[in-house]
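Below are two complexes that have chain A in common, paired first with chain B and then with chain C.
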Partner chain A sequence: MQNPGATTPIKVLLVEDDEDDAIITQALLDQSSGQRFELEWARSFDAGLTRIKEHNHDIGLLDFNLGAKTGIDFLREAHLDQQQTPIIMLTGQGNESLVIQALESGAIDYIPKRNISAENLQRAIFQGMDKIRLQAELTAYQRQLENTNKVLKQRTDEIQRFYHLLAHELKTPLTAASEFVNILLEGIPGSLNSEQTDYLHLIQGCCGHLDRNINDLYEITRLETGKLSLTQQPADVGPLVTDVLNYLAPKAQAKNITLDTCLAPNLPYVMMDVQRIRQVLLNLVGNALKFTQKAGTIFVVVGEDPLCPGRVRVAIQDTGIGIPQDQLNGIFERLYQVEQDPSATSPGLGLGLFICRELIKLHEGTISLTSTEGQGSTFSFTLRCAG
Partner chain B sequence: MPKHAVTPTVLVADDSPDDCLIAMRAWEESHLGFDVRFVHDGKELLDYLFRRRKYHGIANLPWPWLILLDLNMPRKDGRKVLVELRSHPDWRHIPTVVFSGSTNPQDIQISETLGAYDFITKPQTFKEYQSIIKELGQMVLTQRGAA
Partner chain C sequence: MNNKVLIIEDDENISKALEVRLNARGYQISTAFDAVMGIQKALNTPPDAILLDITMPGGNGLTLAERLKASTKTQDVPIIFLTASKQPELRQKAMALGGTAFFEKPYDFNYLLAALRASIEHPNVCLSL
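And then the complex of A and B:
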C-alpha cells in the first residue's frame, strides 16, 4: 500500500548472482516505512555492469561474490568516481577485511549480509544517496570557488599592472619635462632673466615633488604585490645613520635645528638591506625635520636594545610639535596626514610612514612611535643582529 | 673606563624601550663605569629587589646604588613603588630618583613627599641627558666614597 505522503520510488539496482539472496533483498525493501523501492535485479557481473553504466538508478546494491569476479572488480570496472550512482556493497562471511578496499574502490557504504535488516538496508540507501548529493554539491562549490579565485587574481593582476603602467607613464613625461627645465636653467637655448630663473626653479621644485610621489606609488604597488625584494646582508648601521644625517645636515642648518647623535661603540652588525634602511632613515629623520620648529633638536640614538637581546634599536627623538594621542594609532597607515600649518610645503601622498613600516616588517623588525603634543615625538625601529 | 673594586650598579625602571635605549647610551657615554640594569615596570623592579620570580636564584645579582624610576608605568604605578621603596628597611638607603616625562608640579610635589632623592624631568636633548646622568653618577659615587 502506498502511503499518500510517500515520495517518488527509489530505483535500486541489485547485482546479485544468488536467487535466494535476491528474493530476500526484494522482501526487505518491500517492508517499506512509506518509501517505495523499485528493485531491478541484474543476475550476473556483466549484466550488472551494463545496467549500472546506463545511470538509470538512484542506488546500487552489490554482492561481493559474483561468480569468477568480486564486487571490487565490479567497482573498478564501473569507474564509479565518474558516476553518480552510489553503490552499497553487501559483504558475506569473511569479506569484512576487504571493506576498506571496497570503499577505496568507490563503494559508498557496506552492509554485512548476516546483519542485514529492512531498517539498516533502507537507512544505508537513504544515507548513500544523501552522501552522493552532498559530494556533488561540494564539487560544485569547489569549482565555483576556483573560478572566483581565478577571476579575483586576474583582477588584482590587472590593477597592479595598471598602477605600474600608470607610474611609468607618469614618470616618463615628467623626466622629460625636468630635463628641459634643466636645459633652460643652464642657459643653453639662451640666457635668462632673474624672473625666468625663479619661475624655472619653482617648476623644478614641482617636478621633484611629483617625482617623489610617483616613486611612492611605485613602492606601494611593489610592496603590495610582494614584488619588493630585499637583499639583506650583515652590515653596520652606525655609519649609515651618520651618512643620512650628513646628507640632511643642510636642511637642519636652514632651520637652525641641532642634529645630535649617540651611536654605541662596538655595535654588532645587523641584517639589513642597506638601501632600504637608508630610505627608512631618510624618511624618519626627514619627517622629524619637517615637524620640528626652528632651533629645535633632533637626536638619534643607536645601540643594542636594552630590553630585547639580539636586536639593535634606532631611536629618533625630536622636540617638534608632537602628534595628538588620538591620531597615534593611524599614523603608519596609508594616506595618514597630520594637519599642518598652511605655510608648510605640500604634504605629499602620505605614504612614507606606511612604506617605512612595511620595509621594517620585511626585515622582521618592529617600528614604534611615542609622542607628546607640543613636546615632541620619538620614532624608533629595531633590526636583527647578524649571526 | 674606571675600574672599581665593586661595580656600581644603577637600576632603571622604565616601560619605554626608547627611553631605556637613551638611558643606556647616556650611562655608557658618562664613562663612570656603572653597570646599568633595566626593568620594565614597577612589579619587575620589586621582583628584582625581592629576588623573586625571574630574579630568583640568580647568583651575584648586584644591589643597585641608584634607582631611576619613571612614574607612569603599567602594572604598578611608580608612585606606589616609591612608597614601598622608601618604607622597606633594606632599600630605603638607596637613592631613588624619579626620572619622568612629566612636568606636572603635583607629580614633583608627591615625589618629594614620598621621599624621592630628586625629581628630574626627562630632558629634550641627548646632551642634556648625558650631563644629568653624569652628575647623578658622580653624586652616587661620592656618597659611597668610591669617587
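And then the complex of A and C:
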C-alpha cells in the first residue's frame, strides 16, 4: 500500500458536476496527514473524459450523476480507450446494485457519499493505487513468463531437431558398416575362416550396441521434451510377451539360458501402446539376459495383480548376478550406473531403465524391482486393464 | 527373368551394400543418388520395385514418391521406404503416399528382402513392418 508519509503528492482527478460535493471532497483530502493530494476538478462528463485520457493522474474520483450521463457511461467510454488510471466511484444514490455495475464497468472501488470520511477516502485511494500497481506487476510477470515459455519452446524444438539430425547422421554410417559386415558374413566376396567370422560377429554386435545407444539417446530427448506420446488401445499383453521371448530366443540359446513364461489364463486386455510395451519388455528381458550367467533361467510371469485390482502385472525373474540392496533405489534414475566389477559387462548409458520407468508412467502403471545379490532380480511392471 | 530394382539412396555406401546383397540374390539393380536422377531412371526404365530413401538432396523421398505415383509409367511400381530419421510421423506419411513397406535404418535385411519379394508379387498390398 502507498506510504502515507510519502512527500510526493498524489494527483487526483475529481469528475463532479456538483460544486458543493467538489469542495467537500477537497476538504476531506486536505485533512489527510502525511500524504499530500493535488486535486484537479473536472466539472463535466466531457471535461473529465478528456483529462482522464491524458493519463496525468494517479487516481480518479467519479461522481455517479453527471448531467444527462452517468458515471457508468463515463467508465465505459474511458475504458474503451484502455486508460490505466484507477477510478473510484462516489455516489449519493445509495443503491447497492450500482456497486456491481460500477465494478463491472471498470471502477476499482465504490464509496457511498453518505459514508465518506477523510479516512475511508484516503484508504480507498491508497488501495486503488496499490491494486493497479499489483495488476501492472502481474501483467509484467505474465508477459515475462510468456516470453520465457516461448524461448523454452524454441530451445526444446532446437534440441529435438538436433537429435533428429544426430540420429540420422549416426545411423546412416552405422547402417553401411553393419551391411558390409553382413556382406562379408554372407561370403559374397569370398569365403571366410572361422576366426574372421568370429571377428565380424563381434563388429555386428558392436553395431547393434551403438544402434541401441542412439535409440536411447533419441528416446530420452523425446521424453524430456514432452514430445513422446502414446497410442494406447486395449490389447492382450500375453502374446506380446511370447513374441518378445521368441525374438530373444537366439541370444538366450547362445548363453544356454532357459527362457520360460507363465501366462495366467483368461488375462484381461490392458490399455497399452504395443510398440512401447514391446520396447520395455525388450529392455527388461534383454537386461536379464545380459546379467544372467550361462545355464541360468529367465522366467516371465503375467497375471492379474492380486494387490492392485484392475491391473495386470508382468514380472521378469532372472537367476542373474542381482543388485546390491543399497543400489536398488537409484536403479530407475536417469544415467544411474550400478557399481560393479570394472571388468564386468559394459554398463551401458544408464538410460534404458529410466526410459522403461517413464514409458510405464505414461501408461499410468508402476515399475519396481526386488533383488538379492548373487541370486537374481525380479523387475515387474503393471498396466491398467481396459474397460 | 530377374526382377529389376531401382535403389534411390544418397548414401553411396548403403546403396552399394544393398546393390551387392540384392545382386547376390539375383536382382537386377540400378541406382540413383538423388531425387532427380531417381525420377529420371524410374521413368526411363520403370523397375519392378523401388527402394527409396526419404532424406535426400534435391527433394525428399516423400515428394518423389508423390511424383512417381502421379505418373502412369510408375504408378503401380511398389515403393519400399528407407529412412535413418526417427520422426514418428514419417511412417504414416510414407504409407499414406502408397508405400508398400517402411524400414528404419539400420534395417533387418531379411525383413527387407521379404518385403521386396512380397511387394513385387503383390504390388498393391501394404506390409505392416
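The criterion applied here is as follows: the second predicted complex is superposed on the first by the 334 of 387 C-alpha atoms of A that agree within 3 Å, B and C clash if a C-alpha of one lies under 4 Å from a C-alpha of the other, contacts with A are read in each partner's own complex, and residues count from 1 in each chain.
Here is the rule we go by: a contact is a pair of C-beta atoms (placed from the backbone, for glycine too) under 8 Å apart; a residue touches a chain by one contact, two chains touch by 3 or more.
Keep in mind the model is a prediction, meaning the values are calculated, not measured.
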Chain B versus chain C as contact partner of A:C207, first or second or both or neither: second
Partner chain in contact with A:D260 - chain B first, chain C second, else both or neither: first
First, second, both or neither for A:F180, with chain B first and chain C second: second
First (chain B), second (chain C), both or neither touched by A:F299: first
Chain B versus chain C as contact partner of A:T172, first or second or both or neither: second
First (chain B), second (chain C), both or neither touched by A:S380: first
First, second, both or neither for A:F291, with chain B first and chain C second: neither
Footprint overlap on chain A, where chain B in one structure and chain C in the other make contact: none
Complex interface listing, chain A residues touching chain C: 164, 167-169, 171-176, 178-180, 182-183, 186, 188, 207, 211, 215, 218
Residues of chain B that touch chain A when the two form their complex: 16-18, 20-26, 28-29, 36, 38, 40, 101, 124-127, 130
Chain A partner contacts - residues on chain C that touch it in the complex: 11, 13-14, 17-18, 20-21, 24, 55, 84-87, 104-107, 109
Residue numbers on chain A that touch chain B, as the complex places them: 258, 260-262, 264, 297, 299, 301, 303, 305-308, 313, 315, 317, 319, 368, 370, 372, 375-376, 378, 380
